[in-house]
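Below is one structure; the comments refer to it alone.
Naming follows writing order (A, B, C and D), and every chain is counted from residue 1.
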Amino acid sequence: MSEQLSYLGVPLARPKVGFFELSSCEGCQLQLLNNEATLLDFLNLVEIVNFREGMSERADTYDIAFVEGSVTRKDEITRLTEIRRNAKILVALGSCACFGGVNQLKNRFRDLEWVKKEVYGDFPIETMEVHPLADFVQVDLSIFGCPIKKEEVERIVTDLVVGKTVRHPEYPVCMECKANENICLFELGEPCLGPVTRAGCDAWCPSNRRGCWGCRGPAETANLTELEKIMHTYGFDSETILDRLECFGGFASFADTLRPKNIAELSSLPAQTKLIPSGCKKVPARRKKP
Amino acid sequence: MKLSCEVNVHHLTRVEGHGNIQISIKNGVVKKAQWEVVETPRFFEAMLVGKHWENAPYICGRICGICSIGHTLASIRAVENAFGITPTTQTANLRLLLKHMETLQSHILHLYFLAAPDFLGAGSVLPLATTHPEVVQRALRLKLLANDACDIIGGRRLHPTRTVVGGFTMLPEKGELEKIRQRLLASVPDLLASAELFKTFAIPDFSRETEFVSLKGDTSYPFIGGGLVSTDGVVKKEDQYRAMTNEYCTQGFTSKLSKLSRRSFAVGALARLNNNFPLLHPTAREISEFLGLVPVNHNPYMGNVAQLVECVQVVLDSMRLIDTLLGSPWQEPRQQVQAKKGEGVGAVEVPRGILYHYYKFDTDGKVIKADCVIPTSQNHANILHDIEALAGQYAKTGKQDREIELLAEMLVRAYDPCISCSVH
Amino acid sequence: MHNKLHFIDVLGRTTGAHRKQDPDSFEYTLPAEITSIYPLTASEKLYQIQIIDPELRNRFSFKPGQFVMLELPGIGEAPFSISSSPVRRGDLELCIRAVGNFTNFLAKMERGAKVGITGPFGTHFPLEKMQGNDILLIGGGLGIVPLRSPLLAVLENRSRYGRVDIMYGAKSPMELLFTYQYEEWRRFDITLGITVDKADKGWKGRTGLITELLQERIKQTTSLRENTYAIVCGPPVMFHFVCKMLTEAGLPMQKMFVSLERRMHCGRGKCCRCNIGSTYTCLDGPVFDYWSVMNLKEAI
Amino acid sequence: MIFKVFKNQELARLHELLAVNIVVGPVAKGNDRNGKPLYDFDVVYDFNELALDYTQTVHSPKRFVLPYQETLSTFAVNRKDWEKHVDFNVYRPLVFFGMHACDINALNKLDLVLAQSTYPNPYYMGKRKNLFIIGIDCKPEPQCFCRSMGTDSAIHGFDVFLTDLGGKYFAEILSATAFDLLGQISCQDPSAKDLALYKQATNGKNKHYTAQVETSDLTKILDLEFESPAWDYWGEKCLSCGTCANVCPTCYCYGVEEHVDLDLQHASKTKSLHSCNLIDFAKVAGGHNFRPTSASRLKYRYYHKHRGFVEAFEESLCVGCGRCGTACLADITPPEVIASVRGKE
């Protein structure tokens, strides 16, 4: 296991890798165990020193820290800062870490007290507005997706080991969707965020005849104004658009611009729930280089 | 003899989510025996409020990464019950098959990657790759099979893409199903070998009288929907789930807790098996007996064995389901959905126990109220009381801290708790 | 009658799906060895690369201005101008700046490493046409790399050309390439003007833009029209200014040559990544006369 | 060219004869949201699956000669040493049963650049030369402007081309293989009446075109209108999604990626079709982008098709099938774009 790695005669360091989770479903970490066919090769390429979900041993220094989940409590900020301090490369693993993920849907409500009460009644449980990692620490690399795609992670890890720069596709999902020869879901009468969402998932959802919900966040060229027009042309209301755009937090700022138009339509809600334009808001300059 | 002991496990490993164990024994007297859940809540039930029904399965599936399929199916069932939709036989069969494959993958993951290292004296599965390569290979083979099947039926093994209210967006190819069937058949020797392996493990001798809650099958071992039952004789309907779970909050827990006839109850593979033993496939029953598991068994460590028996059960039942599916031509994958005002409950047996989703909709089909009761939150109180009893049983035996710590850790792991999902 | 269609073996293969190794084939890469490496600056190194098979090595020839594609398995493939003299047989010299995946990995490799080489590709500077004329070689930054090949070719046949002027500018003295060769070049009766944008402590030479050097040169002659050719290599902004200045001084556009750089994935006019309008930088370039460049939309 | 006619029911027999090979043809793919039937090319096992009266397939037939993704080569790496293996991925002939004239012409255009110019591309050529193509006539759809592009009929690039005369097919035979094959079904020489019917059919087709593109002097106009505000107008709408290039039967730009395997002992080089509308198309090391705006990229696509290609090969790279316009969610269609650039709003 500990033989020196090399590629084309160039010696390579086997990175010490740690996996950590903040508020999340732990699915992204699980995806790594889900690569049965290549798991052993993967384990040969890196040295896993911290993986609470899978092992008892722990270590405090690592070259690469994969952090899953978003920040929803103060103690998580502390943990995150500590991980950042110990890691050479901090990777935001999955949409929760990158944009807040589904967790940030909670931020739709102005009244956090109402949120707590709705779920825990009179029992106070500490929580705060949901934030992606980058609001608190420097993130060196993002791996998008809810869930992440294991092939992509493997490729990224191999690239890191051989020293290649990790590049994400800059174009939208439609590109991969067409390459899978799907008939566009808009033609079939279903909404899809493929035209604005960053590719790299190989059009996972559209290929399964399910519209894209934008879990990978915006493509480099996301033309959201045009998408909104298209959605309306194809007969989808603002709410359907908003549901998708706000789901994972990647499009937060654009979703915000849609939301005010929408409050009227949502007036059937219980009185406590004041909907505000939010998504993951940036907190001022707490971001620090370790 | 040393009669004092301090166990302090911060963020227990090899479980999903964050929990702490604390045991303090002074001169043979248990001062403290605690199970704490410190996971951060994500407030899914609030998130859903005001959302259109179609969001519910999509968002709620993301409560849990391990049993996302179960969550999605429970959520879909709740919506369908609220709207008065009955799934077609084809949809029901496909869903059950998908559910089975999730059960298989989750149980195998737990048995081999999370539990087995304890019995084989390793810190994780990693060293086992060198010391017990055949064991690891076998686990990977079974897991791969289950995961591939989930991909084929649900579109993806985690957070499925094809499962929607009304049915499926898309159907699997028959040829692919046929291949899965062949692989299932070929996996039987691996399951038998697993049984042989677990037979060699020394299951700790511990027992505490417990109430077990699960779905009750009529003619088949239950996984999706149906009546609720407990070993203490409580019988309820699916939509009376609140009377079964009686959730409450307490200090030291970010998860809610549950109780029924006693201070706590247990759900999960052992509960299912205790309540539905006669409905097991004869072969699964035989293996259960071979491993010394007959109902009603009150040793929580036997949870592992129950999971293994269920692996056999789902593999055999999946082959039957595939035969049925292959036996008739494909029907429309998806029914029309008409939203309406009302409420609905979906109860599904996920790997760790019974899971309930409940939604109330307004006339536009928007969620007014959501409630999800997750198996591990039902188990927490029971885990806590088990730990107390465990500490009591070993307080005077003079075991080393590390031994008690390990027993406590193994106890919690035997519940295969999914803490992140219990605190959702 | 049997209606199974015959497989037409257009590619001349005899058996199986793997094609016999054939140097003329599309994806074929000549295995080559890095025989020596000279660091020139912090980020540029000069690599000497030798094709391993002696027969293929002897067959390989190129003209100044052409480029080769270098390949490293799994790392990438990228175009590089040949920087050595066409007369030099046996190995190629490439001067490569570490900027990305391929080039950074290459920078970590040592002598004796194996790389794949394909080419040569593209057009070249028409040195034959230039014989008997004065030549201006103007290079900015990394532009000296493609310039070095025609330069060495000219020096090797010095008597066939008239006045030879080399003007070379870099951002700072630290970034000047091939400094060790300046004296050698100067021995060939040439004018070598070197300038840097920003001097540092030890710098005794000129500071300023390359256009100033050129301005001086232009002032020395009344018209460049009759018997002068120019080769200009450097970033687009630089050759744009230089060529404009030369045009104003009367040098016809067809007598100025530039080397363009674009993204390339194949080097064989198939991937379209290097297209400028309709023109493939890899097939119709990289060497263009300025007249063609002026007629290409978005070339500069 | 040799002409024959045969009864419609003989077509099933023709399929049967060819079915020992892999047969690809148009098949129905359900309906769109407005109930309009959708078609695509797929492998066909049963004659009845063939939808020969198809309007237009969503995707073009190009993937059978230019797969969206293709492994160009693999490497076996052993410490310092490595070896490259090249596989052109051609193994067997393919029968194309029912291709419209525009798509046949599209393949002919691809031939110009991929098979007939410097460095012919063997991955393409092998597949292309192993196609047996049965062409079939069509009725113009609202999006079709093939007539403007001169690609409404195919003169070469197929083995046999069929025109439905009502009850009978009129067959133009171009290859000896096709001739031999038709010899095995019941065929006649066309009668004077058949010829009259054939002429009637072709004349009838011409009346149905609704879309058109004015191509006269287009190359010059494009040069003159390089700075036209029309490009910005369309650029603002464009999603830079690459859908147009993907469905286009003639777009062939690609990108190459190399990957090292997890085991560090293998590597591969894959080519994927790209699109000039994508943001990274012309980005180079260091991040400089030669075409940073969507307007400049969209413009480039039109320049390549309607100007550059014409300059190089004396014909345009567009066959007027209209697929890109149909597929474009932003409704950017060549007839409209070109009309606006020409100033004919």
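Basically, a contact is a pair of C-beta atoms (placed from the backbone, for glycine too) under 8 Å apart; a residue touches a chain by one contact, two chains touch by 3 or more.
Because the structure is predicted, anything quoted here is derived from the model rather than measured.
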item: Chain B and chain A - chains in contact with each; value: none
item: Contact-richer chain pair [A-C vs A-D]; value: A-D
item: Chain A-chain C separation of Cα centroids, rounded to whole Å; value: 44
item: Chain B and chain C: spacing of chain centres that average the CA atoms, whole Å; value: 65
item: Chain centre separation (chain B, chain D; CA means) in Å; value: 51
item: Centroid spacing, where centroids are CA-atom means, of chain A and chain D in whole angstrom; value: 38
item: Junction residues of chain D, two or more chains touched; value: 77, 80, 82, 259-261
item: Multi-chain contact sites of chain A, meaning residues that touch two or more partners; value: 7-9, 162
item: Residues within chain B bordering two or more other chains; value: none
item: Graph class of chain-chain contacts, one of line, ring, star, complete, other; value: other
item: Touch relationships between chains, expressed as pairs; value: A-B, A-C, A-D, C-D
item: Residue ranges of chain A touching chain D (in the complex, touch as defined); value: 5-9, 12, 38, 41-42, 44-45, 154-155, 157-159, 161-162, 169-172, 174-175, 178-181, 183-184, 186-189, 194-196, 219-221, 223, 226-227, 230, 234
item: Touching residues (chain side chain C, partner chain A) in the complex; value: 72-75, 100-101, 104-105, 108-110, 112-114
item: Parts of chain D lying in touch with chain C, wherever the complex brings them together; value: 17-18, 20-21, 72-73, 75, 77, 80-82, 84-93, 95, 113-114, 117-123, 125-126, 129-130, 132, 177, 180-181, 184, 223, 226, 252-256, 258-261, 266-269, 271, 274, 276, 281-286, 290-291, 296, 300, 303-304, 307-312
item: Partner chain A, residues of chain B touching it in the complex; value: 11, 13-17, 40-47, 49-52, 54-55, 58-59, 62-66, 68, 109, 113-114, 117, 123-126, 129-130, 140-141, 143-144, 147, 155-159, 161-162, 164, 169-170, 249-250, 254, 256, 362, 364, 366, 368, 420-421
item: Interfacial residue positions of chain C with respect to chain D in the complex; value: 1-8, 10-11, 17-19, 25-29, 72-77, 99-100, 103, 112-114, 116, 261-263, 265-266, 268-273, 275, 277-279, 283, 297-298
